[in-house]
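My structure is below; once you've seen it, I'll send some questions.
Naming follows writing order (A, B, C, D and E), and every chain is counted from residue 1.
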């Protein structure tokens, strides 16, 4: 603890409020900040210790992100409590640095899936769920819709994906499941940025898939929706990853997007107690980070949930280490012992917003369930139940990938956690 | 041949060259010989095909017909850099210096064909490369002295006035220690005094190193005074060839080119 | 001053710097009277082209600047007028080194000269014919891409292009360069004709001193960025130094280029 | 053997096997191609008229579209917004000339290129400040329904864009080849200084050309923005226009359209019939490789001005 | 008054051909190098190493590489990112395949592979010139990245497609990998840069450098005086790509630590191009100045306003930053199109004349 300064948790915020991905970056960042502001305004911080943060603009650029990280990692009374990189590229940069700098990484719903194996990736957390879990949940959903997993045999599924590490994430899972359930899988890569997808959609028009999944990002999503509509593809058979299921993806596509579905791991809309508190304590006091009308957008909610998980990890750590600013090392422990139970969710005002999240030493993901939402033209609406991923398929894959990573980097799995 | 220097065998023989560009006949059935140690002038009105002739000789243009025999080897075409390696150097009508480089570097570049050390040695600037560089630098400095351009050794040539650029270009051509030197209007844009210097250089090169020279020039005073033989082109055809004295009084030449007889 | 009228163009004590550091003209003054032909003589690098470019304001394009002195045309300061304004007012420069538009045909090149004219296509056509009359070779090559024409043809093109602007004052930079001797005479005849018939004034930088002084009424000798001598053409022709160093005449008439054995020191009026 | 067959035989069998679909691919390629041409056209205009390779063309597309949408969002009627946007693009041309080009007369082309990159940054920042970073829906009331003709799927909006592109290209081709200003533009591209010396007003020329390029950018912005929404990625569309330039030639207006069509069709066919062999997403580099192949035969592109090599 | 050539007569050509013929220059350069090796490691903190110094060095290396090709040999290239990727990926492949091979040697080998790739993509330069060539080099950029992204062999079949620098030691000191200290990585980068800068400087002032410049200034004339354009251009592509390849390996191993193909995307190519244009085409010093300008300016622009007590929303600040960056580029080009190196030289010339104005 540095002398003289007031005790406060310090959270570096890598945000992207400018550049091509700003439409996504802005609501996420605002959700984050609004939640921390709420904590300070309503509760005077986390268990009495204030939260401070500093934004650093990354423009979604990996190099700038690293620069930001280096700049912020030692700030605050106890250094950075944890870091949310908010970009797959930056996450990968920080993964090797985390054990050295002793700052845990929370990459919620993105980043490296294999990091769910906490025995190798001691410092990285990707709760509540990962791309691989999500992909398996999509297949489950399709199975449900088709009337049972047995009906999957002979079905055709196309995956339209951003041609990058991020976009390729679901492929191993979908391929493994295709073997298991006997559906036909067609992979269609779309190169960054994805302004032009005529060839992709002509292929879909010919292939006539029963279902189409999309792992898209940025402008690629809107164009895909437009093109799908142009070939009269049934939108309710078109499901996007949770980064392709936000307002800024569907609104620009206008009516064409109606009926389109996407995965998510939390509710849309501003209907919980917590949202009310945000209106009251944050926007009511003129301290909102963005426009009030945008509270409750999908990405605002995700940013807020992300902030909440961070804060809960800090709170958990304070339970063990005492009422003071938490260091990265301490928050790592907090993360690893995080248990956001149903009752705790209710306490923080998020009843029904998201399923419970529980992280363990070995499992940094928690294998949380996924839900499908659909765009009505005005708002996102749940159209399924919470679907729990196929852990029996996904977890071994995660462990294998983690082991491989460990081997290449001379790391041995932690023995003391199962 | 007033000075009685020894003219040798045929060094370059151009036979029945035909060159056309689309509809334009730049050269029609042109033949002539250039002998060792000679100063051979090509004259003719604008657009007669003089520069094109030089371009053919050093391989920049490929004639549609005819042959070129240089040092006894006959060929129809070759790449310009091969011509350079066989000892043909030249200057250009529209100056073609390397504008971003200093005078010294331009001249050193002229010696490129004579240097051989490889890039690894050069990167290390070591042993043979270093010695080679130094030896060639000395030669380059000699040329600089000879042409009296010491003062502009380090100036980028793009900034030099026209006349000096021509002189540096001559230096660059000389640096290759050529057997055959092709000069395209080396004295254009010079005043009398500078022309006199230039003539001196050309004569000295011819005398001292025995370099054969083929030159194009519009200043009849110069041509008549320094060349041993003259060929006259008009509309791509050779209309006359002979000693300056013969050419000067040739009526075709007077009609096509000289206008009034020059003294 | 020779001939009729007051000064059309006067350059007063200008200083020119290239690239912020290279001082090239160190106080040059000269005058051209209405309908006059003035020759600018001097060795390579004396600053002739620079002087012309500072008048026509093409200097800026080479990162050069007139830092002192003034230039007046018809009594008005023109240091800050742009090149095209000057062309509209009748001052045009023929640049040294040809500068044809390579991708345009010869005729298109000539037509660009008429760009700022507003006197109708008939007048332009007449002038085009006139240029072709002066330079029949250009007429033959009118459809050739200028970049592929011979040196002399390019020189004619750039001269002809300037004539197409029907200027009142032409700044000629080495017009004779690269032209066959016959044509050189012809060019100066054209200069003379334009001067006599159409009252076009000329300021010409020319290395061919003999012919320049034959046609010019007045001459300036530049040396190292300064005017070191000026006078009527006739006077200059008789000057001993000019005779020796620019005209190559000594008491016994023209010397052969072959006979200049030792390198002489150059004549320098300064230093 | 099998690999050879997969590369050299099967794709063609595939094409022949489903001719209707093949036709659809070609039509899709052509329509996309026109859209590429629209972007490429902006480059051509400025390059032809000043020898400047205008890197900021992509941003100009974005900037125009942003301005249009921004105005419409503030309740300005479509036609008025269009007029105002055109005016804004003309104003931009004035500013660019006044504060940039004017000072860079006669500089190396790479320097001018670099300056336009600087300009791209500037416009990006200004655009974001002025109009915000959100994705905006662009709808100026052009129908975009799909319909089938003889089993071939067509889209109204695509057809509209194609028509606009054609009109623009024809208009500009006439402008360049039939007016004295066209000649002057080409002169400027060859040699700034000489153009000045014969009295061509560089400033006016530049303003005119940048204005026209701005208007072309607006057309491209509308056409692309309607599909992807107006947002910052729109500027990246410039990268898709570059191979078009290579094929058509940097200086040819008709070249831009032909190049666009070739690239459009070529990359679609490659992606659909050969892409799957190697895992797809080959469109991007394929377009460049295709262009490269053309260049090896004609280094100035199909219609570009001959590169002059002379001594 | 202190910057004087006068009195330093070069009595031998050797003296005149030294890298830095003027005493003050020589002393200055040596001082800078000593400072960088001996003092900087003790005064810089992690942030400086990691966010400023290492990227600066890596990009200087790449900028020198591109400057050899574009600034000296006149071949405009937008494929730098691609060639860097070759270096990075190949170094990764080699060090995972041969864990015992010295990592520094691997950097060089990676450079050599990049050189071969550079030659391949340089072949069109025989016929294609100027912006046409520049745009075709994008083919290299896109194709190489596509390949590394698509073929799993290049990223050792990791499902994520991300490659990470494994830990490797030289002489018992950990030089790469997550646990290596930034200071060590800085020193390694610095050593590479110093050695290869000298090599580049030697190349450009000798025969090869002159042939490059000749091709750049006038390729036809160069050929006519006996330079083989094809060979010379390919050599330029090879050596340039070698530098870029080594820079790419450094980029991955010394700076980023892990990367996917996106890290080498086209923006990298553009950044390096900015560096050499702003710094000065055809100037080794310019490569450094440009690298400093482009890597440091954005950082300065972000960090300066808060230090001066301005506070504004972060997005506004970022936009203003972009605007300022663009405006500064234009401003510098207008002030001196030949780049910072030329400004530096003019400064020296003025100093030499001082106190006389011309």
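What we mean here is this: a contact is a pair of C-beta atoms (placed from the backbone, for glycine too) under 8 Å apart; a residue touches a chain by one contact, two chains touch by 3 or more.
No experiment lies behind these values; they were computed from the predicted model shown.
Would you pick out the chains that touch subunit A and also touch subunit E?
Touching subunit A as well as subunit E, we find D.
Going only between touching chains, how few steps reach subunit D from subunit A?
Contact-graph shortest path, subunit A to subunit D, evaluates to 1.
By the contact definition above, name the pair with the higher C-beta contact count: C-D or B-D.
When the contacts at C-D and B-D are counted, C-D has more.
Could you tell me which chain lies farthest from subunit C when each chain's centre is the average position of its Cα atoms?
A
Which integer distance in Å separates the CA centroid of subunit C from that of subunit E?
Inter-chain centre distance comes to 47 Å.
Can you work out the whole-Å distance between the CA centroids of subunit A and subunit C?
Centre-to-centre distance between subunit A and subunit C: 74 Å.
What's the distance between the Cα centroids of subunit B and subunit E, rounded to whole Å?
Whole-Å distance between the two chain centres: 41.
Hey, how far is the Cα centre of subunit D from the one of subunit E, in Å?
32
Could you tell me which residues belong to subunit A and also touch two or more other chains?
17-18, 22, 26, 163, 191
Provide the list of subunit B residues touching at least two other chains, using ranges where the numbers run on.
Residues 60, 92-94, 96.
Would you please write down the residue numbers of subunit C that are in contact with two or more other chains?
148
Got a list of which chains touch which?
Here the touching chain pairs work out to A-D, A-E, B-C, B-D, B-E, C-D, C-E, D-E.
Provide the residue numbers of subunit B that touch subunit E in the complex, in ascending order.
Subunit B reaches subunit E through residues 58, 60, 79-81, 83-85, 89-90, 92, 96-101, 105, 108-110, 112-113, 115, 117, 119, 122-125, 129, 133-134, 137-138, 141, 172-173, 176.
Hey, which residues of subunit D end up touching subunit A in the complex?
18, 21, 24-25, 28-29, 31-32, 128, 133-139, 144, 146, 153, 155, 224, 227-234, 236-237, 240, 267-268, 271-272, 275, 279-281, 283-284
Given the complex with subunit A, which residues does subunit E contribute to the contact?
My answer: residues 46-47, 50-51, 55, 96, 146, 149, 156, 158-162, 164-167, 177-179, 256-263, 265, 267, 298-299, 302-303, 313-315, 317-319, 322.
Write out the stretch or stretches of subunit D touching subunit C in their complex.
105-106, 180, 183-184, 186-187, 189-203, 251, 305-306, 308, 310
Under the touch definition given earlier, write down the residues of subunit E that touch subunit B in their complex.
Residues of subunit E touching subunit B: 13-14, 17, 199-200, 202-203, 206-208, 210-211, 213-214, 216-218, 220-229, 235, 239, 282.
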